[in-house]
Amino acid sequence: MCAYLRRAELQAWRGVSHDTTQGLKDYFCRPKNTNIRVSLPMVCFVWQIAMIILFGVFIRYNEESDTHWIEHRREENITSDIENDFYFRYPSFQDVHVMIFVGFGFLMTFLKKYSFGAVGFNFLIAAFGIQWALVMQGWFHSLDPADGKIKIGVENLINADFCVAGCLIAYGAVLGKVSPVQLLVMTLFGVTLFAVEEYIILTLIHARDAGGSMVIHTFGAYYGLAISWVLYRPNLYKSQRLQASVYHSDLFAMIGTLFLWMFWPSFNSAITDHGDGQHRAAINTYLALASTVLTTVAISSVFQKGGKLDMVHIQNSTLAGGVAVGTAAEFLLTPYGSLIVGFCCGILSTFGYIYISPFMEKRLKIQDTCGVHNLHAMPGVIGGIVGAITAAAASESTYGREGLINTFDFEGAFKDRTPNIQGGHQAAGMCVAIVFGIGGGAIVGMILRLPIWGDPEDNNCFDDEVYWELPEDEESIPPILEYNNHMSDKNQEMSESNFSVEQS
Amino acid sequence: MCAYLRRAELQAWRGVSHDTTQGLKDYFCRPKNTNIRVSLPMVCFVWQIAMIILFGVFIRYNEESDTHWIEHRREENITSDIENDFYFRYPSFQDVHVMIFVGFGFLMTFLKKYSFGAVGFNFLIAAFGIQWALVMQGWFHSLDPADGKIKIGVENLINADFCVAGCLIAYGAVLGKVSPVQLLVMTLFGVTLFAVEEYIILTLIHARDAGGSMVIHTFGAYYGLAISWVLYRPNLYKSQRLQASVYHSDLFAMIGTLFLWMFWPSFNSAITDHGDGQHRAAINTYLALASTVLTTVAISSVFQKGGKLDMVHIQNSTLAGGVAVGTAAEFLLTPYGSLIVGFCCGILSTFGYIYISPFMEKRLKIQDTCGVHNLHAMPGVIGGIVGAITAAAASESTYGREGLINTFDFEGAFKDRTPNIQGGHQAAGMCVAIVFGIGGGAIVGMILRLPIWGDPEDNNCFDDEVYWELPEDEESIPPILEYNNHMSDKNQEMSESNFSVEQS
Amino acid sequence: MCAYLRRAELQAWRGVSHDTTQGLKDYFCRPKNTNIRVSLPMVCFVWQIAMIILFGVFIRYNEESDTHWIEHRREENITSDIENDFYFRYPSFQDVHVMIFVGFGFLMTFLKKYSFGAVGFNFLIAAFGIQWALVMQGWFHSLDPADGKIKIGVENLINADFCVAGCLIAYGAVLGKVSPVQLLVMTLFGVTLFAVEEYIILTLIHARDAGGSMVIHTFGAYYGLAISWVLYRPNLYKSQRLQASVYHSDLFAMIGTLFLWMFWPSFNSAITDHGDGQHRAAINTYLALASTVLTTVAISSVFQKGGKLDMVHIQNSTLAGGVAVGTAAEFLLTPYGSLIVGFCCGILSTFGYIYISPFMEKRLKIQDTCGVHNLHAMPGVIGGIVGAITAAAASESTYGREGLINTFDFEGAFKDRTPNIQGGHQAAGMCVAIVFGIGGGAIVGMILRLPIWGDPEDNNCFDDEVYWELPEDEESIPPILEYNNHMSDKNQEMSESNFSVEQS
């Protein structure tokens, strides 16, 4: 029936079309079952209203963002407003915020015709995710037993951004192959799983993971890869013409790469201990990232004819070092230790793009659009291992008694824990992250296979035309037919008619 | 006479031209009465010299940026340099600075052939405006009675950026239809009006407006709309071919959108009270913006065929929430209150782009290029109202005695003012902003109608060719004719001749 | 022989090619002797491994980034973690970091076909340079005599970024004419020379240079110009077709310009004295940059037909003011003094682009791709002179006794130095910077002339094709031939064959 319709349309189109390629394009790109005019607005409204209700019931300001801060200061004998946590965290928060929205958003604009979807849907799911994350993480970490409310401050905002980062990493694996509705569903479950996983790893297991090598990157990457595996598209080659970049789209992607690269020290230090903790985490990350760049360039060059560099590697593998020092950045990893971690990750990640990704696609049936396995999964696992080793190797002689306690938070129920034991628990946390990522992703993938989400057909993946009103290209149409996409249709007709009058 | 000349030229051109379209383009785009070779440099020099004189007479460093800070610290018993206002404000200042130059600049690059004008003229008028703002605002707010000098510090820089923001909003309404000289005149008067209006609202009426919903956005938007109304162009449809975007220009605009969106919490918290004030303002803005994104996407999708999203909405309406919490961000708006404000503004602003803008253009004869009415005017007014309500609803029970006094600055002459009364004064401030915007804009619009400013004709609006030396497009000309726009003409001739020699 | 080969190839190509222009392009752009498949990876690996060894032997955390910070705090009676230098410097550091990687990187993307090289190689050499700079500068400034280790903190990271800035300025002079290997060699020597020159100027001569007008800009620019002079290419006109911009490449360059412009106040204040020093340096830079914009626009307009603006001037000359207040920014330059400096530099720098650069190219045989002589060399020298005058004019009456001592660091061996004497030493520092730049550049230029570095031929300079795998342009080839640059070749063949089957 549908096929019949299509044939009819094809004939109709044959009859009228003047521009074959244009016509063909129209024909193939028609959003056949991709109409999200009902589902997308509905999901957005329902979830935003739910957020308002949840925030009304649960979310309040904490004592540092509340007007009672003045009394709080007096009680605590805090000498100055500058000791409000806001001034310790806010600059790092803004850097992280840039990484989430510009960094991840533009990093994914490399595809020639999916830049709107990359930056636009990234914007959408991040904006939803941070709200849901404030609630989910709040229940586990910021619930005030006195009145059962979640008290939020700048640190919660940073954690919400972190939580969303996991979902954006997952988006990288399915980029161009899912609908915005699927992305919102994916984010809803992703944030939920993240909050639980994070609670288990950081609170129950009491592993340390300042930069989230395990909690954010490993979980996020495997979550996305598992979903991509469940949603495998055998005929994706039909969209292959669009699964490539153009000169300027690669430049837009470099904007994302550089903002991620530059602000990663803030990412890894944003929620570490005041004072030396933040200071050290920033230094370690800065160094790891620097050495990653050189090994990435080296491997990219050595594996290509004439030693030419591949933009895909420069855009992605140069960031692997930041992922891999996420856990250990706040420990005494030492400056050269950071360089070594970055050194290895640059090599491994670039290898991944050259050999592992194609292998995964052909043999494991995992289509990983942005290669998150090379940028987040492998470096994340390495980061977890490095963290475990560094923790196990810690000692009072190097850290100092107080330093050791502060760095690993050996207090309260954990005051008897030794570095060796901590190392083991770090490794345990690693496993939890992987299990949650793969398990959760597989289940969510099943849900996303339901035929109700309006995802694109195999022959128009990676195409903004499916979900976006695209501007006409200047070349493709004569000026007279061009319309002003900033005015209403009526308005156009009017002025166009005037215009033709003008001409005659 | 002019007509005659043109005919002659037309014939001349007919005779020689080999490339008709190119020739036609040259002909229509020739800056006929748009030569600003005298006026632009003159205005720039005169005003910059005037600034130098005014700064020489009036502007000095304040005690926190002066070398006497050390004595000042001792007198005030300030324990550490970290309590210098620089460390409370500078990170927020830099974020605001990015919003002014990259945020506003790139947000306006969406037009296919006016990106240079968008980012370039934004740069020019902002750079002039901040200097004039330092003087104007200084007279009202930072004049030291002791020596009659204006003492400036980082807070003055932030306020200068704020002041300029009003003029850049106004620029959005007339984008592509005015000359840089007109923009400089518009900025001169805009900053002056802003400083007076701000003084009346914040000092005389003693309304609070941390994020400038009233002072910046409402004033700026109505100022621009009134100017655009006075400068109405009935034949603007002649430039319609250029009043549209292309794929990559929309991506450049997203750079502006995202930097505005991300840094808006800094914008609204930049000059609020140290400690909880800045902390709370950032949180409220962060939340309002997040919920705006979802409702913007929902409305954009529901009103288009197939539920496709329109980039215009994503680029602009997603920011409405930040505008609307500008006034109330420092109050106890509560987290869910912020979400509700963002929720409503996303809907309203997107509706504006779909229905109100076309209506304004056709019926009210207001041509609003960037739709500032939807992004700044309406949300700004809502922000003023929300601020008035929130202020009126304040009480000692919720704010705490000291908190109430600090938040609303109920001190000195205003120590007897109650929240209810404050609410009324907030509303009064709102009206002052609107009156100054519309009234000032109408008068300045009259001045800008004088035929001396070199503004473009109706058929070459939105075209960079009028005021910029544009690079040749690779396609349009053979390599041999291409010239190096980084060398002098002589140099070219030389090397080109060499080149042809080479060829023969 | 080579000529013979080429003729043979030319005939071969004539035989098979269907697309003449494409074929010609292929022919001319073939990386003949530009294969860096061995040299680039080798250099990257050798140097990165050397860095790891050097860091292992020398680099440690300082007492503010070490876990012993807690004891340190107690000993020093520091009341709060917020007084850790991290919170004084980190926001400025991140701004500087953005200038180095996004600012310099994108500023150089203006060329139509060299944007990958601009942003990519900038990334590579900066990432290498900061590591080498930490070691070199550490030996001179941060060596702990107690244990012979270099103790690093956030201030070292800032200084490393500063050091690299010098080499990136030099890159601007040779942009598009050298290979990445040459750039790495250039950076190795550049950082070394920088560290020595900096030690002589700041420590031995005890000149002050907070923003590096002399140490960074003057040295860097003359270093690059000297290299470019030694590497003069008489037949560069053969690449002239590529030494121009296109519309969007100019917009990408504006991203670089604006981030440099906005964050320059952080650059000049990043390592100045806590408190008033940083505060004042930021204000002076902010003002100088603002006035530069107006005079740049004025001169750009007055020298062009119809008063049209040239993007090259807006992209570059608007930054000259920031360079020129680098030295004096921390002194009592006064706000109007800053405006005057910016005023003059905008004029001079734009003049430079219009007249001096072509002159240098034709008469002095110095090919300066980005015009660093106009943006860094001249303004840098002016900055040195302004610094000397401002220092000489200092007095206790204006600075206050303590202020004078703090600002000029008249302590220890220099406690008897007077402002006049300081002025002389500032001038001496200026000369050292110029000598090191020209002398060092000439020598390094000789080394770079060796025929082993794989630099491009005169006819394919400014072309990314030489060192980068470029994406195919959609227009140039039919979809069927387009390949997916995110998959392995095998994979392609498979799916392409499938695809053709699909077609038949």
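When the chains are written out, they are named A, B and C in that same order, and each has its own residue count from 1.
Please note the rule applied: contacts are C-beta pairs under 8 Å (C-beta built on N, C-alpha and C of every residue); 3 or more make two chains touch, one makes a residue touch a chain.
Computed from a predicted model, the values in this text were never measured in an experiment.
Peer 1: Could you label the chain A-chain C interface same or different, taking same to mean over half of its residue numbers are used by both chains?
Peer 2: Different residues, largely: of all residue numbers at this interface, under half are found in both copies.
Peer 1: How big is the rotation, 0 to 180°, that puts the C-alpha atoms of chain A on those of chain B, in steps of 5?
Peer 2: An angle of 120 degrees brings one copy onto the other.
Peer 1: Using mean C-alpha positions as chain centres, tell me how far chain A is from chain C in Å, no decimals.
Peer 2: 31
Peer 1: Listing for chain C: what residues touch at least two other chains?
Peer 2: Only 79-80, 82, 87, 91, 248, 255 qualify.
Peer 1: Would you tell me which residues of chain C are touching chain A in their complex?
Peer 2: Per the touch definition, chain C meets chain A at residues 31, 34-41, 44-45, 47-49, 51-53, 55-56, 59-61, 64-71, 73, 79-82, 84-87, 90-91, 94, 97-98, 101-102, 105-106, 109, 115-116, 119-120, 123-124, 127-128, 130-131, 152-154, 157, 180, 248, 252, 255, 467-474, 479, 482-488, 490-492, 494-496, 498-499, 502.
Peer 1: Once bound in the complex, which stretches of chain C touch chain B?
Peer 2: Those in contact with chain B are residues 79-80, 82-83, 87-88, 91-92, 95, 112, 237-238, 240-241, 243-251, 254-255, 258-259, 261-263, 265-266, 274-276, 278-280, 282-283, 286-287, 289-295, 297-299, 301-302, 304-312, 314, 318, 332, 334-336, 339-340, 343, 354-355, 357-358, 361-362, 369, 371, 398-400, 402-404, 406-407.
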